[in-house]
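Letters are used for the chains, namely A, B and C, taken in the order the chains are written, and counting of residues starts over at 1 for each.
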Amino acid sequence: MFEIRIHSRGGQGGVTAARLLAMAALHDGKYATACPFYGAERRGAPVVSFVRIDDHPIRVYSQIRDPDLVIVLDASVMETVDVLNGLKKGGRVLINSAHKPDFAGFSTYNVDLTGIALKENLVVAGSPILNTPVLGALAKMGIVSADSAKSAIRGMFTDERNVKAAEAAYQEMSI
Amino acid sequence: MKEIATGNKAIAKAVKQALPAVVAAYPITPQTEIVETIADFVTSGQMKSRYIPVESEHSAMAACIGASITGVRTFTATSAHGLLYMHEMTNWAAGARLPIVMANVNRSLGPGWNIWAEHTDAMQERDTGWLQVYVSTVQEAYDTTLMAFRIAEHNDVLLPVMVNLDGFVLSHIMQPLDTVEPGDFIPPIHLPHAIDVNNPTGYGGLTGPDQHFRFKWDIERSMRDSEKVIAATEADFAKRFGRKYGPVEEYRCEDADVILIAMGTLGKEAEVAIDILRKEGIKAGSMRLRWFRPFPKLDLKGKEVVVIDRDYSFGYGGIVAHEIMAKCRCDVYSVIAGLGGQEVTYDDMAEFVRKRRIGQEFWFGVNDHV
Amino acid sequence: MQPSVKKRAVQELVIIAEIPKEEYLKKCTSACAGCSSSLSLRYVLKAAGHDTVLVVPACCTSVIQGIYPHTAMNVPVYNVAFAAAAACASGMTEAFQAMGKKTHVIVYAGDGGTLDIGIQSMSGAFERGTDFLYICYDNEAYGNTGMQRSGATPLGAKTTTTPTGKTVEKKDIDAIAAAHHLAYMATACSAYPQDIYKKVAKALTFRGPTFIHILAPCPPGWRYPTEKTIEMGKLAVKSGMWVLYERENGKLTISAPSKAAMRKPIPLEDYLKPQGRFKGIDAKSLEILKQHLAENLKKLAAEEEASA
């Protein structure tokens, strides 16, 4: 079973990112579950979503304690949240950033999702859409297939800019 | 059709396909998505039902009762305090022999306000005459809701059915969902005692001490008959749609020495604990009780039993544990865990089994395993 | 108390010298940015002072207090079930009186707990002449559970259970309250905190049940940017959609900002347009809103004149 924890802020679409990821995994023929963690949820407060992917039905509901992958959609949450908490040895970090931070001991991948979203004019109510382009990055990392990522996005959004942004993230990310 | 859906959404989708004529509901966390999705289906024309945004849960059940007695299919949903607020009327619905289906998102009772999973809310309805089932996956929530309408409306039953799902843990988790084309799986409703101005009847009026008990016996008789109806419905569902359900879901029980029993999502995650214990050489199995009313027959002869209660009856004990002890005439290790959404993992459950002391009660997080 | 406001032109200026400095609403609430309820509560508590108990049914305030073991409020807050606030307050105030205490018992409830599920207990408490102040802060939806419609939701407003706009009108809880012959009742708005302070202070001088209905613009519910809460409240009053007044022993006095609005109301569209919940409101609903707004202003003006 592959476990992913997504860090973002309320209102940024972290829950949708989890859902899209689960959908893409489903298209890949896998079983997936996704769940937001409900603490005191307020717009702008740090939130966490969990995604599990496996070849067999997933029977675990308790929180992910040692994820294989941590995704940070909003780097500013790191000021108050230990995003690396529990990350498995050899685990990976994917961060929405133009720069690659140094997380000692963990393979770190960065891609400027915000920049990509702004370039594609993928902005809603003043906020750049991060949850569709991140799927492109995850496809590049081999978490889901590129085709399934696109199917998942198209299953939820009619605006093709979402797919374009995902493709841009796929291209821009270096493995 | 395969998709990703939350437990709440899955139930709303099943309700859409069952097509109740009337839905009367009041929002309460964590049930709100059910109510909002149905309101959306109705206003967008996808669901030709009438949606009544009542002003309280007592009124929600009262409105369902009023609709149901005309002979139409009805549905409502609630949770915790909402369920308790409608308690007078849930009793009424069962006594009035109305096949209302209700989704209850299990949540704890305040004070303090706590919006997370606990079963005590539905447990307080166990004496009412409602059938009760506890689901553990999004797929099961959808399938069971479809079946609930057929079971409730069967002529041998004519009792309301409550579908329980764990607050947030199941109501809000997204899992794969395969929706079906029900076809004629749910037959059109026919309520024998529906209001008929050409055959005017008084409903629910005064009954004296020499008659009242007969009506209560009627309820119990139907409750006992419902077992066969449930079995037949589940068998037909399996035949048509390929997914099998029963009163209890057993996992690796055949040669087990110790059985771990739980309901809802804990009952599903328990299977992971069983796999861990088996690897250690402990011959453990798990039983997830689905149907709680009518209470299922359990074969626990010669096994040690560990029961997890996500509920409690103060001054007495874990409700499921005590019902099992009474019905099966056995002793158990009663674990009280998960109250108010307390995190309980498969590792914790494996430890409950390893450290079991038959005949004792253990409050997870309060007592230490001695 | 001498009014410190010298000129009508500065009606809306908050006179700091009049209002006590002491804060009873401390930091670290869980309120949303731009929350009207906490803003109003801050002034309610300043007017009520130390010897006060808040009775709070299920509503945003239940959460705004914070999570155990913290509370953001420096008065006792008694949380109670959704339908029960006024009944609970009834018991509490009788008990305080039995003990010879003069502690203020104030229900602080949302519109759901007042107009809908709480109406029975409120009516009962009013009818029995209960000595308490009932404050309803009205964000015109069930805010705490995610903005479903309530009886206070206006015609045409979108909520999660009226996705295409509410098709029936807002319940007139003020008329219902008035029908109980209260010694004092008033309407207020979070955008006019000094007015809230004065009305709460006045209400607490009366024996028997008193009622204050505060319009509480709500950024997530009404769908406008968080920094526009005060502006939204002012637009509500200036358009005449919300009228500020007091009824003291049956005598109606319209508050100054609404008097000005009645002379020259701004177009209703100016109030509705900035709110996402009214986006796409159909012409018929808009017409009804305008018509009833005009009728209401006329009715209140006539009542004020008649009771002068």
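Convention: contacts are C-beta pairs under 8 Å (C-beta built on N, C-alpha and C of every residue); 3 or more make two chains touch, one makes a residue touch a chain.
As the structure is a computational prediction, the values presented were derived from the model and not from experiment.
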Most distant chain from subunit B, judged by the mean position of its C-alpha atoms: C
Per-chain Cα centre nearest the global Cα centre, belonging to chain: B
Separation of mean Cα positions, subunit C and subunit B [Å, integer]: 40
Distance from subunit C to subunit A - Cα centre to Cα centre, in angstrom: 42
Cα-centroid distance, subunit A relative to subunit B, in whole angstrom: 34
Residues within subunit C bordering two or more other chains: 63
Subunit C residues touching subunit B - in the complex, by the definition given at the top: 58, 62-63, 68, 79, 81-83, 115-117, 119, 142, 144-146, 148-149, 151, 160-164
Contacting residues of subunit A [partner subunit B, same complex]: 18-19, 22-23, 26, 31-36, 38, 57-63, 65, 155
Footprint of subunit A on subunit B - complex, ascending: 2-4, 115-116, 137, 166, 168-170, 172-176, 265-266, 268-269, 271-272, 343-346
Touching residues on subunit B, where the partner in the complex is subunit C: 26-29, 32, 35-36, 39-40, 43-44, 51, 53, 55-56, 81, 85, 110-113
